[in-house]
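Below is one structure, written out as structure tokens; comments come after it.
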Amino acid sequence: MTTVVAKKTFDHGVHPPTFKDGTVKREIRQFPFAKVLIIALSQHLGAPAKAIVREGQEVQRGEKIAESGGFVSVTMHAPVSGIIKKIGWAPSLNGKMVNSIFLEPFPASGQTIEPSTPCDVDTASADEIIAAIQEAGIVGLGGAAFPTHVKLKIPEDKSIDTLIINGVECEPYLTTDHRVMLEQQDDIFMGIRYILKATGAQRAIIGIEANKPDAIISLREKIPAGLPITVEAVKVKYPQGAEKMLITALLGREVPSGGLPADCGSVVVNVATTAEIGRLLPMGRGIIERSITITGPGVEKIGNYLIPIGTPLRYALEQAGLKKNATRVILGGPMMGFTVSSLDVPITKGTSGLLVLTDHESQLTIRKEYACIGCGYCLDACPIFLNPSRMGRLAKFEQYDAMEKEYNLMDCFECGSCSYVCPSNIPLVHYFRVSKGIIRDKKASA
Amino acid sequence: MNEANNKLDTNTFIKGLWKENPVFVQVLGMCPVLAVTNSATNGMAMGLATAFVLIMSSTLVSLLRNFIPKQVRIATFILIIATFVTVAEYLIQAISIDIHKALGAFISLIVVNCLILGRAEAFASKNSVGKSILDATGMGVGFTFALLCLGGVREILGTGTFFGIQILGASFEPWILMILPGGGFFTLGAWLLLFNYMKERKAAKMQEATA
Amino acid sequence: MNVLNKTLEIRTSPHLKSAVSTDQIMMHVVIALVPTTLFAIYAFGLAALLILSVTTFTAILTEHIYCRLNNKETTITDWSAAITGLLLGLTLPPALPLWMAALGSVASIALVKLLFGGLGYNIFNPALGGRAILQAAFPVAITTWHPAFLADRFSSIPSSSFAWPFTTGTYDAVAGATPLGNMKFNQVSTDVTDMAMGLTSGSVGETSAVLILLGGAYLVARNMMNWKIPVVIFITVAILSGIVNFFNPNTPTPMFMLLSGGMMLGAVFMATDMVSSPVTDRGIIAYSVIIGIMVTVIRLWGGLPEGMMYAVLMGNAVSPLLNRSLKSRVYGTGKKGGAK
Amino acid sequence: MNESLSFIFINACLVNNFVLAYFLGICPFLGVSGNIGTASRMGGAVMFVMLVSSMCAYGIHLMLVAIDAPYLQLISYIVVIASTVQLVEMIIKKFSPALFRALGIFLPLITTNCAILGLALFQTNKGYDFIQSLIYALGAGAGFTIALVIMAGIREDLDIADTPKVVRGTAIVLMVAGMLSLTFMGFAGLGG
Amino acid sequence: MNQAELDKLVEAPNSWHMVRALAGIGLMCALLIVTTYELTFETIKQNKAEVLERAIFKVVPGAQSKTTFIVKDGQVEKLQGESNSGLKYYAGYDDSGKLIGVALEAAGQGFQDIVRVLYGFSPDKQAIVGMEVLESKETPGLGDKIEKDETFLKNFEALDVSLNESGDNLKNEIIFVKNGTKANPWELDGITGATISSKAIAAILQASASQNMPFLNQNIENFKQQ
């Protein structure tokens, strides 16, 4: 394989092993339908969607089943033709119950999708494109699940010069974005055209980590004539895929503390999201499935799968096959992903990976905790130059005020680099998550 | 002020020795406590000088407590204390130049010992003469006792002597650290530690008893 | 499929850990000290072996007993007590009475480390803190040097080593003088190569600059030591003493300054102690500069021939301040964050 | 011996640090060293008062020598220092409310700070002239501030440390002071 | 708290009471101080004189009486009464009233702080014949050996300070040598382990002697009348 030399990057960060070799060569394959799909009405950040179907109603695959509950909210579509069994509470990732639509597929249906009104990139206005993106139910597929149209709606007082397409995929184990970049290149370029128009950016940069040379080279070759797109390689480092880090690496700019990428003239969209936009908008459809890496030492049939939204984890893992010693099921990557407490949780739009670890890996992370010895590893790891060592101690002794006011706790985006390197095995990110919660609660009640 | 409160009881005296010991419990008047306790003799001399000033000024303050208006009380207290300190200084010089030399400026610094002003303000200015003398004596003895404790430990370990008398044998290697300033801090720290420890144990026992 | 029915493990991210752990770091520090230790025993014979064993063993024992008394799990397995004991031993003169060495070891662990909360919370480097206490307590004994490479060093032990506890030791031969003492009091310089190779008199483990640097390089290669600390200290000392030496050739040369006394051991193994040095980048630089300045000032103008110990302790004392006042610029704040 | 100004300064500031070698001003050292900001402001206030009271003490001493009344030394020093602090407080309050807010609460505390009186007594004992006295006050004040700020930094760290219960409070501060005192011994012999 | 006390608290400040209290107490204090001062004055003076005399007789061995001289306008004069300024020379005489030595103070920087010493000069021997530390803060047990160490004090049985030919300076500087290596009468044998403090004494004596010896030798006649 050819290699690509990359110089661009950000300061600090860590180099965890990538574990991507197992799935990177496996093409995205269609996943079967589960017996019941659970479509949570709140699987994005912002207001929950409002169901527009009732129990017992029959729906077509691709049909709108819920409309957005506000501007920061998106539409939901039926991932399968079938019958609405129930609208009610179902478990979600963080343990809370959320309102969901339970959909039972028709076993014999051809599962074709009805045609709809397309959005033409050449004729539509910026606002029309943004509305279409919301209508298509598109959210950030990188993991945050933030409604994409909100991100692309640039405030009046700001302007964007550069659109960054995030193809970094720095989380270990995950390869879905990598596969998307190899398999859906036309969709990506089409998506970029939509986004450029929606945001008014003059150029687009696709940022890809240097460990995906095949994607870099083939995307470079396929750039359609006349489009202001470049493909840039960035160094392999975690968390290179974080918005702020990618902006710094590619543009040398910093997003102001507490601000948005738009504050420094850029907007970052995940590559899979871009591909979705480029694929769905010309046909006027909505997101009904997404590609997910199912991997980890605890999985028998690892690979990248195109899975209908709403598929319960239990069904997904049954299909992929679990090993006996599996202990930990993680939604997302190993650095920022969450362990699930129940396998009845459905796959949502934000799910980029399903990682199963075994006793062996589990043992590596459960080690004796020592007091902070001030080694400074975490300071050298923190991509935003915080002092996790100090903040960890402050959190332990419940001095949240100092953490926020003197040590910029709120700038932490919980990438986990500090916990990863900590030789004393202090759960730093966990402390920070809890502390941020406490500070937010305090502010809310004040 | 009720009658029972005005009675001369032993508690007024005893509390200064132990329960409210000015050094170990209230941590007052640290500067002479540390500075001159490099030997038992010095500690003792300093303690007695302080006790003298404390008792005399408490007596006078108590005697004059109805004569001194509230607004100028601190000023008069300081005046009275400074007077007795000056008196003490001349007396010590008359008794022994060597002790005066060893204690140096720290005799004068008794003036700013918060213990004395504290007792004058908190006790003598509100209580009868008899009670005030008792309280001052208790505090003074407690203070002297504490200084002796510190000075004793520091002298024994630091020079192998106690009140100048060799007690640890001629071949004892003195821990010079103990008579240095650092040793003063360490020794007082260790005494406080001991007091904390005993308090903790007592509290734990009490808890056990109630549980 | 019964795997799917078992209780899942709930953990917070990240679910990956780098392999290095605190006890391993500590263990590697001990490994890095091995060449220095072996050379110390080779140079000073049984005396060094005894003193190093006594300090190390006492340190470990003190920590163990403390944990037992407090009904805690023993913390000696984290190797930090061993490091403290070993480092303390390396900074002591070879013929020091063993009871003093043991006392110093107890002070290091109990007073300077455990009272402050144990590993991670100590403000001062325990080994140096213990040595400072010994220096203040027994100033004569701790500045009485023993010549290196005596012919009978493997067969006899200096009589002072076995002085009865709490008594003064009797010293055998005419004491050896350290290069720094010679420089300060007799204006006699020592050959630089001798000092680099460790052929001079001095504390048990401070004589061989080359082996100390080797140990340091080992730790730096494993990213278990901040190389900036020794490097900045060396640069500061070299520049300062170079300037002074330029105007007054009677003062020691920069090379002499770097190779003599506890400079190497202090800069490489004491100042770099993770717990008692700052964590922020700029704090580390300031810390090292302060140590460099202070050691030069004490050596050139102060009353003492050697100031490395005091310099590092002073660095430790101001570390909390440096950590607070010299933070790194947080991403997106300050000058760069505001710019578009 | 006519001591050089640099010697006086270094000696008062480092070698014989008022707090760590003479134990002067231990009360504020133990009381106001919990927080770096407070400590540095307290240090500034003490330094300022030291300068003023040093000048006053020099004048009083001249006067007492003139009227041959050495026995009034202590009493006049303490009275003058107390009233100087009051006066300074009033002046600052009038002319610089900002400075008053920063230093205000410390000024009354300083009255009973033995470092101030100690300074006045020492400079008289040592027979310093006016300039020497000022430098001495400056050195002592700087030394006090340094010790106080270093201690505050350490105590802020100790607040978030797993110290055993029995040493918390004054005991651990004294232990730190002991270590600092040992550290400052390294400065011995400097300034000559 | 009863009613009477509450009344006292709200009572308006009475300036007459304040003045009365302050003046009364001030007067009383002044009285107390002056009384003590007068009562102890003689004893203290005597104590101090004794201490000084003890020191002088120690550094000028054999002296039985002393006279204090000061230098005024370049002239040696007997000190009348008290004086706090200027260097004093204490001449020591034996039974027969013969001058046997002059004691004077010197000071310089030691290890911790200024060291003040008193040393005796014998015009006959042209040597320092005694040294006493008046004030030092040298490290106890180490630096303070300059006060106690017998071998060190032996240096001052006869430390050569004879003048050079022109008589304006010492022939040989007083120099410090390492313990046990003293070879010449002008060398000061140091103390092992207290090198810095003993070296400081050498420096103090050298500075003071080179300044004072020529003067003393020139004016030695003036000191002879008791």
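In this document, chain identifiers A, B, C, D and E correspond to the written order of the chains, with residue numbering beginning at 1 in each.
Here is the rule we go by: contacts are C-beta pairs under 8 Å (C-beta built on N, C-alpha and C of every residue); 3 or more make two chains touch, one makes a residue touch a chain.
The structure displayed is predicted, hence computed values, not measured ones.
The minimum number of touch steps separating chain A from chain E is 2. Path length between chain C and chain D in the chain contact graph, taken as the least number of steps between touching chains: 1. More C-beta pairs touch across the A-C interface than across any other pair of chains. Comparing mean CA positions across the assembly, the chain most remote from chain D is A. Centroid analysis (C-alpha atoms only) places A farthest from chain B. Chain-level centrality, scored on Cα centres against the all-protein Cα centre, points to C.
Per-chain CA centroids place chain B at a distance of 22 Å from chain D.
Chain A and chain C, compared by their mean Cα positions, are separated by 48 Å.
Work out the mean CA point of chain B and of chain C, and you get 41 Å between them.
Taking the mean of the C-alpha atoms as each chain's centre, chain A and chain D sit 60 Å apart.
In chain B, the residues that reach two or more other chains under the touch definition are 75, 79, 82-83, 86, 90, 176-177, 180, 182-183, 186. Shown for chain C are the residues in touch with two or more other chains, namely 111, 117-118, 120-121, 133, 136, 139, 303-304, 324.
Residues of chain E found to touch two or more other chains are 29, 33, 36-37, 111, 139, 141-142, 196.
Under the contact rule defined at the top, the touching pairs of chains are A-C, A-D, B-C, B-D, B-E, C-D, C-E, D-E.
If you check the complex, the residues on chain E that touch chain D are 29, 33-34, 36-37, 84, 106-114, 137, 139, 196.
In the complex of the two chains, the chain C residues touching chain A come out as 1, 3-4, 8-18, 20-25, 78, 117-121, 224, 226, 274-281, 284, 323-324, 327-333, 336-340.
Considering their complex, residues 111, 139, 141-142, 178, 192-193, 195-196, 199 of chain E touch chain C. On the chain B side of its complex with chain D, the touching residues are 27, 30-35, 75, 78-79, 82-83, 85-86, 89-90, 105, 108-109, 111-114, 117, 177, 180-186, 188-190, 192-193, 196-197, 200.
Taken in their complex, chain D has these residues touching chain C: 36, 149-150, 153-154, 156-158, 161-164, 167, 172, 175-176, 179-180, 182-183, 185-192.
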